[in-house]
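One chain, chain A, appears in both complexes that follow, with chain B as partner in the first and chain C in the second.
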Partner chain A sequence: MNAVQYDKKLRLQLFIILCCSAIFVNIFGDYFTRFLLSEIIILSLFAMSLDFLAGRGGMISLGHAMFLGIGAYSTAILFINFNIDPFLCSLLAVVIGLIIGYLIGFIIVKTDGIFFIMITLALGEMFHSWAYTNDFLGGSDGISGILRPKLLGMDLNEPLFFSYYLLILLILVYAFLAAVTDSPLGRNLDAIRQNSGRVLSLGGSVKLYKSASFGISAAIASLAGSLYAQLNGFVSPEISHWTVSGEGLIMIIVGGIGSLSGAILGAVVVHIIQHEFSKLVDWWMLLMGGGFILVVLFLKEGLWGLILKFKNYIIENK
Partner chain B sequence: MFITEILNALQFSMTLFLLSVGLTIVFGLMKIVNLAHGTLYMLGAYIGLSIWTFSDSFWLAFVFAPIATAILGALLYKVLFKFIQRVDPMRQVLLTFGLIYIGLDSVRLIWGSMSHSITTPELFSNPINIFGETYPTYRLFVILVGITVLLILYFVLEKTKMGAMVRASVDDHETSQMLGINTEKILFYTFSLGCGLAGLAGVTVAPIVGVEAGMDMEVLVLTLIVVVVGGPGSLKGALIGSLLIGFVDTFGKVFFPELALITIYAAMALILIFKPGGMYSRL
Partner chain C sequence: MIISLQNISKSFGANNVLKNISIAIDKKECVGIIGPNGAGKSTLFKIISGSLFQDGGSIIFNDANIDKLSIEKRSRLGISQSFQSNSLFNEMTVKENIMVACSQSFKVGWELFKSLDKRTNIITKSYEIAEEVGLTEYLDFRSDNLSYGLQRQLEVGLAIANNPSLLLLDEPTAGMSNEETKNIVKMVKKLSTYYTTIIVEHDMDVIYSLAKKIYVLDSGDLIFDGTPNEVKNSKLVQERYIGIKQ
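And then the complex of A and B:
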């Protein structure tokens, strides 16, 4: 799968526009829009983790919701059973996601393309049914009673503050992923995606780079899972269902794979469409599947490609 | 108890075999995997359900549901896959992923979101005594269906000219084309046949597991594991993979009920570590 045309400046511009509109919505919104905004920011984090994996690492994972689940469940267990501070829980969830992601990555990155899709899908579904039947994880009921952190004297149970908290995390993750993309690791990943055999023969450790990127991506997905658990106050196995992984994939394909801020745009568009359509009709999955197929067929670079074309059009006509 | 479990494992393996064989050979031919394969299995069960409801005959459902899914598969191939053949394989796989959503919602719209069941046909309604243990005859019938399909496929693939052409196309697409084999046509028929077999699996297990939306993903995951473990492109791989996963799953559930799915995962991981291409890969 090819990543989109690379444009650092446009990436930042789009990200700033998205952040500004998030702040705007947060200031003027009510309780429900703020909740929706929080959901979208968390999904954006998830979409960015997938985008990094697919766009840089060239690995399309259909089981990434597993790491959402790992993050959410570890936050829940650390908070409920060990009484650890919620903020620390999120940090630990990131570390747990990183370690598990790296270990799983180490085993599965030797496969690629379709094999990778098949294995990640299988792993994700297994995690889901394991969480579903495990008594310690609360079975199908999940775990409830997760609280949000208190930071710098601010109680994040207040939706306005929590959205800002999420937005700050989003900016940090964006800055981190953008830096990794432009770092030697990112360049190596680009090279591996284009021709892994050549990187190998030049002495690059393909496996190490790939599992590192899988670990990074898993850590960010795990952070998103942890925040999702804190947003809702509970976690259920549904969070790691294949449809969630699938929605993440739809988001990055609609946004444009490898564009990072395009993934956020994809998350915004897909989640709002889903949110609004599921209110109106009960066959929104049909619409989503159909729309997704059309994007795959006709809009190869997603919304990012459209924006890029629009930008070039303006420059030419100036 | 032990014989019951062995037979259960065998029945499950045969269902997996019906599902994975189409997928694995199509993968061998066009290097893409149809993620909507589970959807066709589900549709087979649902179409079977409708035929059974209207005609009150399981056997009509048993014959016509697979034909219906084969036709659906043929349409899918003609409309979508032929259209996107020049697109890179990953895009084609994603396309089939979109089909899962469409299939799931269509099923819910047409048949409702309730789960249904099909009664076991009268011929097999009485259990049988095997070495002092009672066992449902219908499950034996499922095993028989699997073995019959296996034998027919083995004969066609290994002993006929048509089968030789299929094997040649799997091994080397371009050379086969150069030697005058119509790989396009082979692909079309194999794809449709694979979809038909998925439908056959759906309708045969419907009296055992019931019919519900969501049965597609459960089976898709196991089928993908079989394809990965067995190695894509080979009949032998599909058979051995199905037996392995069928037995590991059934006995895993008996011996370590808590770790039911972990045992399959462990089996898959072990095989992938030692044989990254699967056990009998032809690629």
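And then the complex of A and C:
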């Protein structure tokens, strides 16, 4: 598992461009574009959680949609059954995701490569079928009636405000992950991805570092799940289906694994193709599949790599 | 005495790679281990550092039995090794390689916020280590862009970044040119004045110039131990090892 080249400045530039576009869309958009924007931001959070896990620690999780589910269901239950403030629900969902993620991580990070992928897949599917059959979680119907927070006198049930709220959270998560990437933990995760045996022989707690990063990633996915439940007003087991994890992985591969802002770009591109093209043409799956194969074959560092090449080209030809 | 190996044995299937090896080493000693290919030298290192466990016998380090300790725990106690084949962080620069290594001994490896390359204490220490292993000019080179000889130097650099109280060097000159060998011998000679060092080496000149005491392994048996002069004059060693080499 290789991660893309490290270019902090470009990472930030790309992120700022994406945020500005989001603000633009939000101001001039209508109800539907705002909803689409909200979906994309939430998926970006999910993609960033996968990007952090794969790009830093070299862990590919095909069960991460489980944490979307954990975040969404805990938000639903805390709100509906315990009447907790929606904002607090999201915060609690982060904490729950962190704890469950850390504990699961602690058990599974011993495994590597394909075994890790299969274990995460199995766990995700276990969660999905459990949610599907559990009466308390509403079975296949899920839970509805989830409301969005009211913050600083603003009712986030108004789409314009909710998109801004999501954008602020995206900025916070981005800033957090960018800081963690450069921190000792982040650099140790890079080291583990490159040569975990050497980190051990230097006295590093590979297991602790990896499970901590699994917990962090799960917490962010759980936040995304909580927000997704609030966006739609309901949650159903579909949110934790393994194909959702698969789509997340496609996003980060298209964006460029380990580039953080590339993950967001990947979410934008993949979701728009999925959503908009599926309305226009019925062979959109072919388009998506073909595009994905081209990226994997020719763009090892995804769209991020393309942007990086473009930047270097401009610098050289100045 | 810093470490004592007591009747260490190890086999892989029917292959008895180490048979009843006992070695005791004093603080600040520099000890050499020699022996033909496949004698069990690297296996012995792996057993000391904890990446393999022995089948029989025990290891006492600083008066404590460390038989059950994992590799990272032993490393934290101060047992550090450089490997026979380079084991670096290839996508990182020399500086980053050393800083990651230092982040373990500074116990900050799990910290989430303040950037690693803004931590002055670790940077200072990393520069010292780069200096020690002659890589000051190459700090910003990616380690996979270094020449093989310089990578060997970084390999030793990572081992000392860990603040070792026992340094295990597995053929630091393996595969190096004569010129590169000279550099690294000078470097190791200096290091062996502050660290208790065990060095495995095929180059006899190197071993004679570094080690005060030499152990000779052959097919898993400890067949001789003595000062460089005693080894030079030992008929047995001449026959079993050095004779074969020449």
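As a convention for this text, the second predicted complex is superposed on the first by the 309 of 318 C-alpha atoms of A that agree within 3 Å, B and C clash if a C-alpha of one lies under 4 Å from a C-alpha of the other, contacts with A are read in each partner's own complex, and residues count from 1 in each chain.
Criterion: a contact is a pair of C-beta atoms (placed from the backbone, for glycine too) under 8 Å apart; a residue touches a chain by one contact, two chains touch by 3 or more.
What you see is a predicted model; the values in this text were computed from it and never measured.
Enquirer: Looking at A:208, would you say it contacts chain B, chain C, both, or neither? Reply first, second, both or neither.
Expert: Only chain C is touched by A:208; chain B is not.
Enquirer: Output check: A:60 vs chain B and chain C. Expected answer is one of first, second, both, neither. What do you get?
Expert: In the superposition, A:60 touches chain B alone.
Enquirer: After lining up the shared chain so the two structures overlap, which partner does A:187 touch, if you call chain B first and chain C second: first, second, both or neither?
Expert: In the superposition, A:187 touches chain C alone.
Enquirer: Please indicate which partner A:179 is in contact with in the superposed arrangement: first for chain B, second for chain C, both, or neither.
Expert: second
Enquirer: Which partner does A:197 contact after superposing on A: first (chain B), second (chain C), both, neither?
Expert: Second partner only, chain C.
Enquirer: If we overlay the two complexes on their shared chain A, which of chain B and chain C does A:297 touch? Say first, second, both or neither.
Expert: Only chain B; A:297 stays clear of chain C.
Enquirer: By residue count, which of the two partners contacts chain A more extensively, chain B or chain C?
Expert: Larger number of chain A residues touched: B.
Enquirer: Which residues form the common part of the chain A surface touched by chain B and by chain C?
Expert: 2
Enquirer: Which positions of chain A touch chain C when the two form their complex?
Expert: Result: residues 2-3, 179-180, 182-188, 190-191, 194-195, 197-206, 208-209, 212 of chain A touch chain C.
Enquirer: Can you name the residues of chain C that touch chain A in the complex?
Expert: 49, 51, 70-73, 75-76, 80-81, 87-92, 96, 99-101, 103-105, 108-117, 119, 158, 161-162
Enquirer: For chain B, which residues count as touching chain A in their complex?
Expert: It comes out as residues 27, 31-33, 35, 84, 87-91, 93-95, 97-102, 104-106, 108-109, 217-218, 220-221, 224-225, 227-228, 258, 260-262, 264-265, 268-269, 272-273, 276.
Enquirer: Please output the residues of chain A touching chain B within their complex, sorted ascending.
Expert: Result: residues 1-2, 60, 62, 107-108, 110-111, 113-115, 117-119, 121-123, 125-126, 129-130, 133-134, 242, 246, 249, 253, 283-286, 288-290, 292-293, 296-297 of chain A touch chain B.
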